[in-house]
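Consider the two complexes below, in which subunit A is the common component and subunit B and subunit C are the respective partners.
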Partner chain A sequence: MHSTGYCQALEKAAEIEVPPRARFIRTIILELERIHSHLLWLGIAGHIIGFDTILMQAWRIREPVMWLAEEITGNRKLYGMNIVGGVRRDIPAELHPKILEVMDHVEKETRAVLNAVVDDSTIRMRLEGVGKVPNEEAIAHSILGPSARGSGVAIDIRADHPYAAYAETGVNVIVETGEDIWARTVVRIKETLESIRIVRDALAMMPRGPIQAVIDKPIPPGRVACSSVEAPRGETHHFVITSEEPRPYRWKARAPTFQNLQVVPLAILNETIADVPITLGSFDPCFSCTERVEAVDVRNGQLKVYSKRELEELSRALTRRLRGR
Partner chain B sequence: MNQNVILGVVNVVLVFLLSPLLEGTLRKLKAFVHSRVGPPVYQPYLDLLKLLGKEEVECEGTVLFRWSPVVALAAVLSVALLTPVGLVPPLDAAGEVIVFVYLITLSGVAVMASGIGSGSPYGIVGSAREMMLILTVEPVLAIALITVAVKAGSMKFSDILAYQTSHPYSLSMVLVTFSLFMAVLAQLAKLPFDIVEAETEIMEGPFIEQSGPRLALFKWSFYAKELIFASLLATIFFPWPRISEPVLTVVVHLLKIVLLLLIVGVIDAVNPRLRIDQAIRFYGALIFVAFAGLAFAIVGS
Partner chain C sequence: MFKGKIKEARICFAHPRVTLKYPFEPLEPPDGFRGRIQVDVEKCIGCGGCGNVCPSRLIRFYDEGDRTRMEFILDRCTYCGRCADVCPEKAVTMTKEFETATDNLEDLYIVQELYMGTCNRCGRCFETENWIDKIPTRRHREGALFVGPAMPHAKPVGEVGG
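Moving on to the complex of A and B:
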């Protein structure tokens, strides 16, 4: 997903035309990633509210998707599929029946989970009306992805600014208006089903042809480009400035978690301790994506934000101390 | 009397030694619902042995923290002296029902003391939850037991048992059996009432600082509680089938215990955890069901 964002930014900067087949392969890989990411989230959400059966079943359903990804790309996660100008591997025709079979299987089981969750009154007691993010607050805090769509904000980069092959496959943006954890849950489960639909359609529409563009001249330096990708957690932006060397002069990625976390204090306001973990979890946070560590001195209320360099220094000092022992 | 003492000791030893096996069976069941293989049924024994062999880690704990596991296990094992596991209640004395309720409450209080004694904020939240649960669950338990006592006209488990095996099941029994079963879910800290420990919320709450042998004692007291409550339900609240053959009775009794715990296990596997306020509202309503049972018992139906 990030590699797609980066490659698209560079392709835009260097004006490289990506072959259609490569765009379709990118779409399929992106959607497989969304399917397994949402199922992973569902499992963790179940675990947080003590429902370990959901955790085990969701991850069992997810596993064939990982195997499929491994068969297509060689990796279960971090596929290494994208290169500037196309993709590294083709999806051969022999694999199509296998992909469709896994999609059928995952769809059937995801629907079963959806029905089980919808009918479970105890789950709804825990999730409905909890962790509310009103529509106007969601817009004011610019929260992204399924978290925003659960509050009735119909934003989705795939539909708003189509990339890869989303213009061809089309995307039905799933929006729920519940504004609570339950709405965010339903959005993610329904999106999983929509992703399965997109994989099927992309597979059927995939044209023949090369999977990599021919790049015959060097990428011109000083070009600026930005590209956006709808990650499972929300939109991700990549900003690139090219240089004379074979690497970017500047590169900045913005993941959605930091944005989504801004609304958490509001969502947990006046809630009980028991609701805090699931409320935080309902935004599908990726803490390593927030690249910021804040320390509050409780004695005098002083706030200190650690920079990357300071954190590195702290880690090195710790290592030195441990070695010295 | 002498025979009773021997029976009592046998009872306690049986509860002590067999309860981890039941826990192991429950874990297997949970694994089945999860589509997992699960640990072998003897895993709880290994867990307990491992914990017992570890060094004791002290926190800034007080006397409460250090002695609460001992009190918890002692209370539960004393309950094993009173509860009929198998044929007859071992120690047969007047007012057993009241002692039963007291001792079970004591084991809950020990959990609370452990959390308060640990000084950890998570422990204190857990203890507060335990206190709220005790306050709403104990009355249900007490009313259910008093109802059967009223019906039998005695506070002795042997009299109650004799009454239950010779009289037909009544409306009041249906009501109190349902309430007691629900109360047992909270007593055993099973989902949806696994609120005191709530691993993902307050990290095992009262047990957060407990480790090694002390944690083993707590765990063992919970396993023993499972067996005792299942046994109580099986003998007094589900008295069928009524068999006079002693050996067959024991076999049937054990089957009933396993069956009851399987039901508890399935409920545990298919429910998320409730919030404490939701649980209290539930038990608050359940107290009225239990009271209705008691009222029916008093008017004689």
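Moving on to the complex of A and C:
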């Protein structure tokens, strides 16, 4: 996903035309990444609220996607698929039935999980009305990706500024107006289904032809280019200035987590500390496992630092309490 | 409340066991998997293309008289497989081996020497006159990639590691 952003920026700077087949392969890889990322997130969210069944099931559904990526690209993650001017590996016709089979499996299972989760009152109690980000605040804080779409902001780089083959496949932007964690969860599950649709369409529409552009002259120095990619968490921007050396003069990537985190203080306002982990988690933040919270009691100025383990315990205790009600 | 629980239970019971028996049973990755690098010095023509494209810059070539020493210092390897992609002779290949954890860094070094003819006009090494046409990329011997003894990895490490 980042490699797509970087390559696209360089291709823009050097005015390299990417062959259509390569654009379709990029789309397929990006969507496979979104499918597994959203399923991973669903599992983590379940884990945070002490509902590990959904962790096990979401990750079980996700695993064939990883195997598929391994078969297409040579690795489960860090696909190394992109190269400036195209992609490194083709998706041969022999693999198409297998990809479709995995997509059918993931679609069936994701729908089953969605059906089950919708009817589970414990999960609804934990997620509905919690971590609210009102529509106007989402716009004011410029939050991105599924977090914004859960608050009724219909932004998606894939639809707004199509890249790769999204103009051909089209993207239905999934928007929920619940503004809470439940809305963000539903957005992600429905987006998984939409990604499956895009993979199927892209496979069907994929033209024949080369997968790499012929680059016969050096990339001109001093060119400036920016490219945007819709990552599973939101939009990612890559900015590149080319240089005379065979490496960029400047390169800046902006990932969506930084943007999304700005709205967390608002989302946890007037919530209990036990709701903090899942609220934070609902933005799908990417900052390793350094979660901890410093809580200051404003009445007596006392400071308490909650570790990740304590937070998890608090969050799970709340689920147990709600279930006992 | 129970409707959801029953549906969840049904999903769980439909999939009693999905884990693999690995590591008690060996696991075979699919074809095209990018595992540990293997270098076949018999096929190598010393073109240095792999050293040119390596993003981690861990492949280095040294000309020593009529020999070229190539070093693959794989402790920085990201298994991107670009070296195998560009190798015109398929001397560099990615194996399916993924259990590469080791407590001895030298297990990750591949150091090989290749006998090369030396051009009596420019002094550079080449394999044979016919073969040089196959070389698509000029090899990197000077410049930023050739760091010399300042790098901790650059010290000579025995004949053949890895």
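The rule we apply is simple: the second predicted complex is superposed on the first by the 287 of 325 C-alpha atoms of A that agree within 3 Å, B and C clash if a C-alpha of one lies under 4 Å from a C-alpha of the other, contacts with A are read in each partner's own complex, and residues count from 1 in each chain.
Quick note on the criterion: a contact is a pair of C-beta atoms (placed from the backbone, for glycine too) under 8 Å apart; a residue touches a chain by one contact, two chains touch by 3 or more.
Quantities reported herein were computed from a predicted structural model and do not represent experimental measurements.
Q: Answer with first, second, both or neither: which of subunit B and subunit C does A:A317 touch in the superposed model?
A: After superposing on A, A:A317 lies clear of both subunit B and subunit C.
Q: Pick one for A:A112: touches subunit B only (first), subunit C only (second), both, or neither.
A: In the superposed model, A:A112 contacts subunit C only, not subunit B.
Q: Is A:A204 in contact with subunit B, with subunit C, with both, or with neither (first, second, both, neither)?
A: So A:A204 meets neither subunit B nor subunit C here.
Q: Pick one for A:E71: touches subunit B only (first), subunit C only (second), both, or neither.
A: second
Q: For A:A274 in the superposed arrangement: first (subunit B), second (subunit C), both or neither?
A: first
Q: Given the touch rule stated above, what does A:V296 touch, subunit B (first), subunit C (second), both, or neither?
A: In the superposition, A:V296 touches no partner, neither subunit B nor subunit C.
Q: Output check: A:R88 vs subunit B and subunit C. Expected answer is one of first, second, both, neither. What do you get?
A: The answer is second: A:R88 touches subunit C but not subunit B.
Q: Touching A:G46 in the superposition: subunit B (first), subunit C (second), both, neither?
A: first
Q: Check whether A:R126 is in contact with subunit B, with subunit C, with both or with neither, and answer first, second, both or neither.
A: So A:R126 only meets subunit B here.
Q: Once the complexes are superposed, what residues of subunit A are shared between the subunit B interface and the subunit C interface?
A: 53-54, 56-57, 60, 120, 122-123
Q: How about subunit C: which of its residues touch subunit A in the complex?
A: Within the complex, subunit C touches subunit A at residues 1, 3-5, 7-8, 10-12, 15, 18, 29-34, 78-82, 85, 94.
Q: Any idea which subunit A residues touch subunit C in the complex?
A: The contact residues of subunit A facing subunit C are 53-54, 56-57, 60, 63, 67, 70-71, 73-75, 78, 80, 88-89, 109, 112-113, 115-123.
Q: Under the definition above, what is the set of subunit B residues touching subunit A in their complex?
A: 30, 33-36, 125, 191-192, 194-195, 198-202, 269-278
Q: Mind listing the subunit A positions that touch subunit B in their complex?
A: Those residues of subunit A that touch subunit B are 46-54, 56-57, 60, 120, 122-123, 125-126, 272-277.
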